[in-house]
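Pasting the structures here.
You will see two complexes here that share chain A, one where it goes with chain B and one where it goes with chain C.
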Partner chain A sequence: MRPILLQEPDPDHFAGHERSLTQIKFNREGDLLFTCSKDSIINVWYAHNGERLGTYDGHNGTVWTIDVDSSSRFLVSGSADNTMRLWSVETGKCLFFWEFPTAVKRVAFNEEDDQVVCITEQRMGHQGAVRVFEINRDGDGTNQSKEPISMFNPVGSKAVVCAFAHTNDLIITGHESGKVSLFDAKSGEEVQLNEHAHRDTVTDLQLAPDRSYFITSSKDKTARIHETRTLTVLKTFVTETPLNSAAIAPGKPYILLGGGQDAMSVTTTSLRQGKFETRFWHKVLEEEVGRVKGHFGPVNTIAVSPKGDCYASGGEDGFVRVHHFDETYFRAKPYGDLEIED
Partner chain B sequence: MASNGVNGAFHDDEEIDYSDIEAKYQVEYDESFDNILVVDGVPIIDKAKLEKLLQKIAKDFSRKGCPIKPDNITVPWNDAAGKSKGYLFMEFSNADDAARALLTMNGHAFDAKHTFLINRFTDFERYLNVDETYHEPAPEEYKAKEHLRAWLGDPQGRDQYATYRGDDVEVHWHGKPSQCEVAYSKPNWTDLYVSWSPMGTFMATLHRQGVRLWGGTSWEPQQRFAHPLVKLIDFSPNEQYVVTWSFDPIVVREGAEQGPQYFSPEDEGNNIAVWDIRTGHLLRTFPSAYAEGGEEKKQMPWPALKWSPDDKFVGRVTPGQQISVYELPGMHLQGKKSIKIEGVVDFEWRPMGDKDREDMEKENKAAANGTPIKSKKAWENMLAYWTPEVQNQPARVTLSSFPSREILRQKNLFNVTECKLYWQNQGDFLCVKVDRHTKTKKSIFCNLEIFRVREKDYPVEIVELKDTVTDFSWEPKGERFALVSSSDPNLGNPGPGITIKTDVSFYQLDRTKGDFKPLKTLPARTSNTVRWSPRGRHVVLATVGSSSKSELEFWDLDFTADETRREGAPWGTGIQHLGTADHYALTDAEWDPSGRYLATSASAWRHTLENGYAIWDFRGQELEKHILDRFKQFLWRPRPPTLLTKEQQRQIRRNLKEYSRVFDEEDAAEESNVSAELIAHRKRLVDEWNAWRVRCKEEVAEERRKSGKKSEPAKEKAVEEKEEIELWIDEVIEQIEEEIVE
Partner chain C sequence: MAAANAPKTSWADDVDEFETPPKGEDYTDENGIRTTVEYTINDDGKKVKASLARRLENKITRKIKRVLQKAVVDHSVAERKTWAKFGLEKGSKPGPDRATTTVGENVYLKLSAGNKSSEPEQSAEQSVKASLAKAGAGKVVCRLCKGDHFTAKCPYKDSLSGLDGTDTPPAGGDDTGAPAESSAAAPASSIGGKYVPPSMRGGGRGPGESMGRPGGNRDDLPTLRVTNISEDTQENDLRDLFGVFGRVARVYVGRDRETGAGKGFAFVSFEEKSSAQKAMEKTHGRGYDNLILSVQWSQPREQR
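Let's turn to the complex of A and B:
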């Protein structure tokens, strides 16, 4: 099926995103798509036709990260304006905001939607910090506590991505040095670590639906699947380009990888040289299955619908491309009749 | 004794034993007579002429670079006769000087009657003491050498190729997917690059110290040529000789090793050296010749020395003056004089055809049997050269036989800017690509002057073209050629991002008329390189060295025709496009010696984008592709000409079906083998994964039960109801308003 470009047809009117995308998220039903970008706007779109439903206005700087809860009620976002905001998905109203000394690089809900973890950047004399907040789901959501229920500063290389692990008292972090760690959410103690999970910055971390394994992508041109409990590397996917994002396709044994030359060196390389394709790899066999072209710049973020019927990629070029899988994607068995457990 | 010792202790020098120190620091006086030479063959004179003789001898020695003073020459005297004894002693300052004098002056012709014979003084004693009884020398133990062409005996008939990446040189076997393997690899094998000899027997590596040749199955060093800072290398066609070039002129250091394998002081200042491969001996050196008025910055024309196809002669052009041809193995100027040609720019030897080679071999065999059959006409080498327009003289292309130096054919040309000589590889045709300018000298167009060398009187045919021809190539062993022409205004102004538009045309000899006619023209391409398969018929057009285009086009020129039908087929119908491929930023394309595969490579010497190599079959299907950082060089190992006779080859072709059945079976067996292995591997991976997932799911369920959470969300999902949406669409297709007039 033809991909949908998330962009308003009228060029005078404000169109989609004006700057590079930073993160994309589907809601749990896979019908809504949330995108955020460096132009400080968060958009929500209908996934099936690419029509824009609305925006969440309020941030005054690059929106680095978003996450939506499983009931599509609350949206949480983190931005370079040093705030983390809680939005009502339905009305687009900002319900609450937390202010920090530095920019917020990553936010994530837990499975029960009652906690949010966020990473703030290490800058201007402030240490990088991981904070966990309680979300009060009663009422209209404006009544939130300013104080985190826990906070800790990971020492050593700074953390860049994070998520709740299989239980709420463990947080997975990916670090600039390529380290992947498990922290105790309350004490901030490093419970488990894999110092050399990657050889360069970890750029993305996405969990499997049951949180028993997760995938990381890195600038070292590889993506890896780790077991959440032990942080053992299960699978490694070696590509020839720095990776910015990795996602797990539900229902099919594939993973999606996106990346490309650094934004800095893009102008000096040709489109072909940039390798701005989304790559499909077989999750278990570690073989590349296919590629989807389209972006004019590096792919910054990829998300697959929890239903497994479509995926979206956001690029440095400011475009979000939503691809619905063809019938053949579901029918094709490129590796014969191998039954693979999801 | 009134001396006060230090700290009250008294030393008595006499008592200390210094003998060990003395022994250690003893200056060793050279007491041998190594620096004394005995010179024999000196004229016998009387006293009156002594001084004059000594001065003359000293002068002769000094001129050759071995200065000696008359005072250091001792002349033994026959007092009874009052005459000298005909020999004398020379004392040099050291043994090295003496050795050099011995080397250079031994055999020196002093005058018409007298030739110097020089020996070391010490040798006399040594030879006097030689034991007179004969000892039979112990025979050297026989060591089997490796066969230098062992790779041809590969049971699978695979070809080899060499790759040079980073500091590593690797030799690979190329065959079916499962048979591709590294035959040999060695880090830091070369300092500059590697090169195969023309028949693939040797691999040459270039180092600071010189060239080294390697060969055999274990890649033992076979030969070396000490040419310091060597940059370029060229083999003779039959692998008997090698030519090396270094930008830096040869310098012979004081006390450098001397001998037939090393440079002697006479070679100083030269750049080009010719070597014998079998013995490793240096044959001769030359200075580099640059075109007239050319600066040193100009690129070195290479090969600087051109070999005749039988390795008997090597020629060298002195631009504007002459062609000098040297006879091997002595490397003496043939006929003791060069061929003087006013204004000569370039020349080419005519290649030897397979048939000529066969005839020659037959003749040689007959001669060896002692029954010399004089065949109709013995093979004689042929030279083609051209001279540009000078004043009122037209430009001229000449065919000349060699060594008889008979001019066979001359052709005058006008308004010539530049000529290029292209021989077809069998020596059947010579194409002279003439770049011509109009009277105003503004625009350049092109003529092809094709000499049909096998025919009587060497008829010339002219193909006129309007555009500039950028590349020309003959089909090997064929009667066709391909040319790349362009009328692009950007031609000649290369710039970043400019890809020049070109047309590619094929021409073929029309047997009925005996002239060349166009077969097909492919307009509006970007291809700038034509690569014929070494067996002819297949050809690849490539866009090389462009940053935006990198297309490869595979063509077959005899697609419809079997050999039998070729004659009758309509003109130009056999040409067929087989496939198109793309190798980003390729810099080189090369066919394997069998003409079945094409290798393309992107070398880090040119740029650093996606370096690596790919191998394609003749239809343009990619077989292998390797993207490797710092990849530099890809070279197929050439093969020597086949040993099978024409008849045997025909036999094989006739029974091809028989043979191919065997190979097909092998292929099928292998394929199933490979896929079985792969399937098993995949199955194992999947089984491991599934087992892990099952375990994982149990753990997750367990944990959830413990923490008293709701059951798995996955189950929940399954229960989820499907929502049915009914959509009613009202669409007005057409509205017609009708007025009804009553």
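Let's turn to the complex of A and C:
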């Protein structure tokens, strides 16, 4: 595979500047790739050739998180400037913004695209909060309600990642302590919890296409697949490096894991340059089946195209690498005739 | 004319010289296979014919792919291709811009069964050995025990301190001469003239013991010293054992450097003192893996 490298040019320097990626997302058809990073601009790229379609300008700080709806009409983003913004995907215009007392760490659309859940950080005397907003899809999208339809403060360890579960009534959260919970979206009641899902901060949470299970990655060097309804841990993937992101490859029984040593421990650990590969693990057999090298720093975020023909990884080094799978990927049968239907 | 060009060896080359170098061929057959023939002249002045047959993989293929996508996928993708650029890209011409988009080096994804993480990496020593062997320098032989490793890495370095003692003759002959001389010439210090790095002088702290430990100094956290554990106890076993009392910040199991087998002690750091206290009360004297655990507060280094 020849990866396409995407990097935002810095107007002040000849070399592209190094801004670490925070999240990347494909749209539903997999033709657009949205990236956000620690500078304040969100980019959108054509996935097939790496052409930059445009940028969404307006945030005033690190953009921590983005999500795009299934019809590629609205983009929602959360930033360290304490705002969540709604954008028109096509024109790059900011349609609406919500202001909070603290930074927005995670946003996610629901399956019907009419609600957005967001997490705001716990800081400066403010509790971490999970809010659900209704998205008015009529008209041009500028007519939104300022008030959340529900809001709650998870007690205990703060929530860092979230998503809508299989129904809109439930929200999955991943916490700093390693806890994974299901909250009632209306009442804020903790319906289910798995206190010891991970031993350290949950860093990423991505759902299977049908939302029946999801994968979490953690700083405790493991990724786990959980059943959404019961939060039962179905599979555990144990690696030798803290993980920042985990993604499920549609159509193939693989998951993709990305991570890497913290910058401070890189020089003391391994001669091999840092373990910054994207690792492919077999989803069912819990074995590593392959690796892709490339990044010069830890991999912060991974996304697989919903079509399963392409994946992208964003690193601390400021590069997004878009990989279109070779024919060999689709033909490969690492376990012989043992085929697992998805 | 040919005589003027002295290095000519064959009349065939002369003939070629009169022709302009061929431009190369480039054609595409009905299967979409593009064949490129290029001619280059190498250092010997001989013509080298490079024939490259490869599948069309630049813009043209992409166009074909796009057509296929349109047939399979809905209109939205095709429509999005026609969107005008916006934001910082406003007004840019279509096609990837080299300032933002480059094509990386080829990477390989080889999917195969078997856990890669369990495969040992080739250590630096192994790679040095391999390159030495390749260069014809012969095998690496330890001067102390004649083993297959560098002298500095010898496991019997302490017990067979042959190189340091003045009574031992230089066993290896020529190549041990230098160290033997230097140790004889050096004033006989307490450690026998061996170079001691500053960090190891006076006290024998382990190298870099106080640095590079993620999470700061271990004295900062309430730490328990667990002794009388079995050899094959792993970090995870202890995490499981002590995790029930509170959040365990760190587990360190003392191991033999060579064999990796446990030495029978471990340090377990908790995040909270109360949970450490509770863990100590509950586990001290408890049987674990056929042995009776002994759990005490870990003493800071200076007091031991």
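Rule of thumb we're sticking to: the second predicted complex is superposed on the first by the 319 of 342 C-alpha atoms of A that agree within 3 Å, B and C clash if a C-alpha of one lies under 4 Å from a C-alpha of the other, contacts with A are read in each partner's own complex, and residues count from 1 in each chain.
Simple rule for what comes next: a residue touches a chain if its C-beta (ideal position, glycine included) is under 8 Å from a C-beta of that chain, and two chains touch if they have at least 3 such contacts.
Just so it is clear, the model here is predicted, and its values are computed rather than measured.
Bringing the complexes onto one copy of chain A puts chain B in a clash with chain C. In the superposed model, A:E190 lies in contact with neither chain B nor chain C. When the two complexes are overlaid on their common chain A, residue A:D309 makes contact with neither chain B nor chain C. Considering which of chain B and chain C touches more of chain A, the answer is C.
Of the two partner chains, chain C is the only one that A:P334 touches; chain B does not reach it. Contacts of A:V284 after superposition: chain B is touched, whereas chain C is not reached.
Contacts of A:S212 after superposition: chain B is touched, whereas chain C is not reached. Using the contact criterion defined above for the overlaid structures, shared-chain residue A:V292 touches chain C, although it does not reach chain B.
After overlaying the two complexes on the shared chain, residue contacts for A:D169 are found with neither chain B nor chain C. In the superposition on chain A, contact is made by A:E240 with both chain B and chain C.
In the superposition on chain A, contact of A:Y46 is made with chain C only, not with chain B. When both complexes are aligned on chain A, the segment of chain B among 385-393, 547-555, 673-681 or 691-699 whose C-alpha atoms clash with chain C is 547-555.
Under the contact criterion defined above, the residues of chain A that touch both chain B in one complex and chain C in the other are 240, 270, 272, 335.
Chain A makes touch with chain B in their complex at residues 166-167, 209-213, 227, 229, 234, 240, 269-270, 272-273, 283-286, 335-336, 338-342. Of all residues in chain A, only 1-9, 16, 29, 31-32, 41, 45-46, 48-57, 71-72, 90-92, 177, 196, 199, 238-240, 254, 262, 264-265, 268, 270-272, 279-280, 287-294, 321, 323, 325-326, 328-329, 332, 334-335 touch chain C in the complex they form.
Those residues of chain C that touch chain A in the shared complex are 62, 65-66, 73-74, 76-77, 80-81, 83, 85-90, 92, 94-97, 99-117, 121, 123-124, 208, 212, 214, 239, 243, 247. Put simply, chain B touches chain A in their complex at residues 547-548, 584, 609-610, 627, 679, 682-683, 685-686, 689-690, 692-694, 696-697, 699-700, 703, 707, 712-714.
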